[in-house]
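What follows is a pair of complexes built around chain A, which joins chain B in one and chain C in the other.
== the complex of A and B ==
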């Protein structure tokens, strides 16, 4: 049998895998991407796909600045003929408690210190100006950035995958990676259900499923999968409304460019990677969101689905090399990872190429858990 | 007013004569229908076949699936858009309007 050989094998056809493959090909690596199902079929395509400058830790804020700059013109830059539905509708974090408001103020202060423009704290009257259909009863304030917004997570993945393919990346869909080949103490390739590939390096972008991949190399990647559900309504005429998120009860909602509203709640959920949606979710989402957005009462929900978060102990990603030589990971984004594909895809290619990443992501290192160097991201659910 | 309705069916007995006739309006025109029948049925029996104009291609749509699934019969009823008139019961005094484009949500009074 012909031996199939590439320089780098990327596991996972979500947005991080596709972006990583694209950036690797740009550097001249012969790259193959392996996806068990179809491109964007996992957590990426199931995401609410919010894009924002508004984070609460330095590394995420710096990466976000790069992400947001890229996302503005990404469709053209990747030569994608479809529509990424990039929509700078703004992003509003509403607060009902002093603690949350203080946290939002702290986040905005840090963003401003690090050079983010446009993030600011709003009082109730200012909230009504940017989100006129919001019921502000009981609200204390919010943080807001008009340049934040949302995107179509599927076309975002397709755009990166197509661009990677145009640069010569092999995209193997419907191909399950079943193991990792090691030789002389380092990674030497992968096993799949369609044969083996030799590779000098393997990058794991398998989200919540990375735990399984790590075990093949005796690595315990500390990710707890958590089910998250979203529902979508029938389309109605666009209205002035930014993507809105409430940390007090974990609810968030946005209106997509086609007029549908996407409603989500981050709450205590089943800890697995299953795609089952539950009936009780309809109640928990609507009872939180409708009082805040009464205009949506009576709008019909047409569909609900599930995608797993890849939660780490500090809700921060795990990015970089690992103790297994030649094995790199980019996973554990804990629910806010989609928007980091532009910066971290680039950084993964830099790691594989032996370069120093253009933004320091050493905080995200795999070893931080045993070193006890956890650092929590306050701006996520 | 039962001009476009089946009177004699081999199995079903509609008993139209026992039903209560109520008045409603369609785009401002006064019409009559049976209380409790689907709004779309009342419109059909009055000869109305266009219920909405689609958002993207601006095409006419009317009675289609008749089971509340297809979105073809969405109309504005008493100011509320996207009402499935094929599964919504007619009431006296209803204001039924042709819907053009996507529904526009209005804040509750």
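== the complex of A and C ==
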């Protein structure tokens, strides 16, 4: 058999793995990506796929500016023949209490200071203007950015994977990584159910499953998987409506370009990576959402599914090198990671190449938990 | 939330038999069926059944449905029926099944055990214009004619010379509809000769090694192009135009197993049973300890066998719920298997025997 040897092995065929592999190949690294199931089969393909400038910490706001710029033209830039369904229909964060409103105002102020000009705070009358079908009872105000929106999470992954492949990346689907090979105290390759690969570096983009990967190297990656559920309706006529997130109960919904509505609600959930949905979710989600969006009543829900969040103690990602030499991680995105693939895929390639990342992400470092340097992202659900 | 000992999904021959067997042994049963009336495909079957006396050979399908429904009527105290109700989801964490009645009433039920008797769905062929009005599945035509008394058109091209294609051709002729031809991709007729002989006697050509390549027409079927295939299954010779206003596809069935997938049952692809089916033990129990299956959902076969499989599944549930002791269970199981083996005997049953052998284990871990 040919000696299976690459420069870098990427674990995980979600959007971060695919983007990282693409950016590594651009820098000339011989790269192989390993995915246990199919591309986008994990949390990426299961996500609600919201895109936004609206974050509450400096690093996320700066990364988001880069992400949003890239995503606008990504299909063309990657020569992807399919449709990424990039759709800037806007994104509303709705406050139901003074504390929530103050936090949104603070987020918008920070976004504006850092150069995100499109974000603003809306009063109730202005909310009605951008989302005429909302019942605004109990709403105090909102933050809004018209350029935020939606993308198709599957084609987004495929676009990066295809572009990576075109640059020579090996994409190994249906291939489970089962261990990491070390030699003289540093990473030297991986074990899979289809044989071993030698590699000088390994990048873990395994989302909620990264905990297990870390254990192979005696690293405690502080991720708690959490099941999230989501539903989609039959398609109906497109209406003027931005993605809407309500801070009172974490309910959210949006209309996708094909006319379907995606909807969900925040709820105490099981802490595992299972894909099993629960029967009462339909009731709890519709009970919360229908009073806020009465026009949706009577639309049929056609599907319900789950995907795990990879939650960290401060709901911020873990990005960069680790104490295990040659082992890099990009995980722990706590439910808002899909849209960070453009910037962080590039940054992972820069790390592996020994460069300084183009945006400082040192606050995402693995060691911050030991050091007690947690920094909470206020804009996440 | 409604609760029950046994939920039977599908009220066709398998489901009704499972419900009857379980109820007669003392189980409380709920039957849901997506159709407006119980009976499944039996209610459209006007031909007399083959097989063995104990499986009502010589009786017409719709009459068998009436017999089963009469028996069910006698069990009324223990059996509740919901028609026009689709079981559309199974939730693994709780074992709850989501049901939709009349397309607008959603409700949930928590059964202790389930028999999945969801039957089969018709396969369709890809060819140009196969979405034109006038292109039907054979099951749809049987429903139109034999349940609602409506003929589908004046002249039909039948695709497929299996039993369904042959029987439906004969029924069309009986209803005064022309059958232009029966085309069959394979080099032989796979249906019973007795059915084939009947349509041949009435002058319908059976064109072996032929297939449909295109339906003609703008807004409805106005004809069809057919063509011969060679030994490598490639199109050969000149296409031939068939005058017809209806195209009927009788190209096989596939087991309906969506809920079994949702429930995480161990599934196997078994060509002899026409698709993915659940691995099962000799009492029709799947790898999921609370879920049984029977009938076409467990592999495409005749309704006679579906009824016996349903009996076995219902018996298995009654035993699992302690309504029947081990001895009596074993005794009855033996009798039902003898009847099933009898139906599957001989050369016609060879394919089924082979398929069933591939996916049947003697016993899951003893519970």
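Definition applied: the second predicted complex is superposed on the first by the 379 of 381 C-alpha atoms of A that agree within 3 Å, B and C clash if a C-alpha of one lies under 4 Å from a C-alpha of the other, contacts with A are read in each partner's own complex, and residues count from 1 in each chain.
Convention: a residue touches a chain if its C-beta (ideal position, glycine included) is under 8 Å from a C-beta of that chain, and two chains touch if they have at least 3 such contacts.
Note that the structure is a prediction, hence the values are computed from the model and not measured.
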item	value
Which superposed partner A:133 touches (first chain B, second chain C, both, neither)	first
First (chain B), second (chain C), both or neither touched by A:297	first
Partner chain(s) touched by A:237 [first = chain B, second = chain C, both, neither]	first
First, second, both or neither for A:376, with chain B first and chain C second	neither
Touched chain A residues, chain B compared with chain C	B
Which of chain B and chain C A:279 touches, first, second, both or neither	second
For the chain A and chain C complex, residues of the former touching the latter	270, 276-279, 282, 304
Contact footprint of chain A on chain B as seen in their complex	55, 71, 80-82, 101-108
Residue numbers on chain A that touch chain B, as the complex places them	133, 234-237, 239, 259, 294-300
Of chain C, residues touching chain A in the complex	89, 91-94, 96, 98, 106, 108
